[in-house]
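What follows is one structure encoded as structure tokens, with my remarks underneath.
Chain naming follows the written order as A, B, C and D, and within any one chain the residues start at number 1.
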Amino acid sequence: MSYRELRERVCAANRELPRRNLVVYTFGNVSGIDRARGVFAIKPSGVPYEDLDPDMMVVLDLDCRVIEGALNPSSDTKTHAVLYRHFPRIGGICHTHSPYATAWAQAARSIPCLGTTHADHAPGEIPCTAVMTEEQVRGDYEEETGLRIVERFAGLSPDETEMVLVASHGPFTWGKTPEIAVYNSVVLEEIAKTALFTLFLDPERPPLTRALIERHYERKHGAGAYYGQRTETGPAASGGE
Amino acid sequence: MSYRELRERVCAANRELPRRNLVVYTFGNVSGIDRARGVFAIKPSGVPYEDLDPDMMVVLDLDCRVIEGALNPSSDTKTHAVLYRHFPRIGGICHTHSPYATAWAQAARSIPCLGTTHADHAPGEIPCTAVMTEEQVRGDYEEETGLRIVERFAGLSPDETEMVLVASHGPFTWGKTPEIAVYNSVVLEEIAKTALFTLFLDPERPPLTRALIERHYERKHGAGAYYGQRTETGPAASGGE
Amino acid sequence: MSYRELRERVCAANRELPRRNLVVYTFGNVSGIDRARGVFAIKPSGVPYEDLDPDMMVVLDLDCRVIEGALNPSSDTKTHAVLYRHFPRIGGICHTHSPYATAWAQAARSIPCLGTTHADHAPGEIPCTAVMTEEQVRGDYEEETGLRIVERFAGLSPDETEMVLVASHGPFTWGKTPEIAVYNSVVLEEIAKTALFTLFLDPERPPLTRALIERHYERKHGAGAYYGQRTETGPAASGGE
Amino acid sequence: MSYRELRERVCAANRELPRRNLVVYTFGNVSGIDRARGVFAIKPSGVPYEDLDPDMMVVLDLDCRVIEGALNPSSDTKTHAVLYRHFPRIGGICHTHSPYATAWAQAARSIPCLGTTHADHAPGEIPCTAVMTEEQVRGDYEEETGLRIVERFAGLSPDETEMVLVASHGPFTWGKTPEIAVYNSVVLEEIAKTALFTLFLDPERPPLTRALIERHYERKHGAGAYYGQRTETGPAASGGE
């Protein structure tokens, strides 16, 4: 994958955000990484999606030094870099402020696994990070944001649960590719919305049993998975069938 | 009806799902049956709606043996087959994860009949199945899903109530044709949404009286029905007039 | 106004319903009256909006005898006729099942006047009718629906409050023309939605003071009204400015 | 800036309102000011957005005398004039009845700063004015509306917090230009919606710490701001990256 191809894919993934109703104005960003070269490309800061072209993407190394690109990278760039450094198999990251997922983040609540749509995509709750301490906020803020995510994943696999809520802030999702990262942001917003409505109807609703979570997660992601068409391209698709 | 016609109708019905805002990505599936030949056609698993063409539909017999089609059928295929076997007059089935109906399913609550829009379409509550036991989950899962629906309809007519909520999962609807099955999924989402808002405004709201439910249901579906134009084609249309 | 013109206006007003997101399928109907000739035109029952043309509109007298038209009129026709007979200055009626207004109707709650958007359009609460008795339901049901509205307007002016909620059913709105009737249905859905969210934020919120309601209502509708451009055509427009 | 240019920009900003789903019919208005000449342009009252052209904008001085324009100005014109007189650095004002922001206004509640999206745009709560006294309502109503906003900003900077809720009425936003005023109305609706959902999930949720609010607000607006591309044109863009 050349920088050209990386920039094209990251640009297209960013432009998908308003089409999926995940963002207004510039409220979100997508990045993608070329693991072989050790660089990632990310949206420039503050540029509207409809104005983006591949040349505007900023290419950086994992220490956030700009390799290619004339514009300032997204102000969340350091958070992306932390995730790429600590989660070695992910290929793309997406961050939005979609309203339902953001509400769970602002309430500092993990989303319990209340249904099979959720279980199709994550084998347990969607975790929410700890609220940052004052010291962390006053420190290298965007780096600290990434570290809170990494810390929260102690004991969790970022290859199984590809979504997180940053307390007081909003969702980050990732995946093998930038396209899957965007797909996961769309799915997370659906999960967050449906879970909120579920708790309205039954505030004490317990999560699914472990057996049912595993059944759904495994039928899509396990060794004996029988969902989809067994191709390796594109998003892993979904849980409706 | 040739397989060609069956596949065309089932394909078109599947493509209607995103246009009606019932699904994101591949979160739903529609099937249709040719009773004379004993086969049904269903969406292939994991293929986006906009890519579907009639040749991609998978044709199976009621034991789920593939008769025609190169792709894997929807992973929910066995659930459809159970319903076709037990509900002998239904001609199409639709399954989605539409958010309001799914929230009722995740809360494991039947939807009480709180208004005439509901009564126009079903002569009582929209039933929710029992939560599956661990044994059922670990067994032939999609078959068991269908059996829970059949079990829940003991004493209910699937020709009158063409909608169900599968606990922890989401809605299934059906009807005389695949088109009516889709129509019923749209209507169910409206009913689920309006019922949730109603309970916000009055958490103790009782269901309609039997007399009012019957009046509305009969004016559309009874022997003396006076709704619509007395044709036999297309959805039975709705309750707004 | 010839029947032609009446049918054209009523057809156009019906076709506006899906464009304003007030209906799915055939969940609503609009009528308009020619007072000089004593006839009204209404949507045919069960026909999708996109298929409607002016020739399909059904023209009836106020006793609901069909004067012109080959199709069955809306099953709510008698309700419209009752309103035209009892509210002598109204020129059009609109009925939908829009979800927020329908939720208030299903909860059998009048909408209190909680804000100036509401006060711009009605000088007090949006009334909800009494729940029908079993005798009324078993009687001439659609006629009884109209009579419940008329009964509820004892002491209220239908020329000031052009909106009502029929308990367990949904909203009816009206106005000097069919176009204003549709406008009022759009506005009612906004009022119903905003009022529901307001009660979430403050369940005990009292209605506006009489002074503020009158100020807003009078600035648009009173003798010294100073809103808009003082023309007599088109909807009376709204309250945002 | 000539009147022509002012009228063109104000017209375009008004036409943006329905595209951003902030208004139905004529439920909102935008104005812009030419500080050098001491005049502002505003939408004419009761004219649909799609019919607006620059020649229809009404140009007035700060005492609300019409300088140019054949139509009646928005009925909220005096409120705009009060804000221009008291907030000397603002260049545009936007007023809508968007449903979530209006719900907070109708509940007479300020929106607490519950997340970083909010903190990116305002360094504390979005204030709600006092409910008007009967004397104020009966007085010069639109002037009094403006005075309530000014009064509420005692101790607050209108250059930092560019949004307000008028109790029982709805939101007003402003900014250096008419375009930024519209941008702020879109953002306020997102903030209002997300805050409402957050309180559903945790009714006692405390606001962000002062350190976190300042960190986010400063990274976009402070002396060491590092968000965006350091241009001076267009909206200051947003907080997603």
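Please note the rule applied: a contact is a pair of C-beta atoms (placed from the backbone, for glycine too) under 8 Å apart; a residue touches a chain by one contact, two chains touch by 3 or more.
Everything numeric in this text was worked out from a predicted model, so none of it was measured.
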| item | value |
| --- | --- |
| Shared interface partners, meaning chains that touch subunit A and subunit C | B, D |
| Fraction-based call for subunit D against subunit C, same above half, different below | different |
| Cα superposition angle of subunit B on its copy subunit C, in degrees to the nearest 5 | 90 |
| Distance from subunit B to subunit A - Cα centre to Cα centre, in angstrom | 32 |
| Computed distance of Cα centres, subunit D from subunit B, in Å | 46 |
| Multi-partner residues of subunit D (each touching 2 or more other chains) | 200 |
| Complete list of chain pairs which touch one another | A-B, A-D, B-C, C-D |
| Subunit B residues touching subunit C - in the complex, by the definition given at the top | 20, 114-117, 183, 186-187, 190, 193-195, 197-198, 200-202, 205, 208-209, 211-212, 215, 219, 226-230, 235, 237-241 |
| List of subunit D residues in touch with subunit C within their complex | 23-29, 43-48, 71-72, 74-76, 95-97, 99-100, 102-109, 132, 134, 137-138, 141, 168-170, 196, 199-200 |
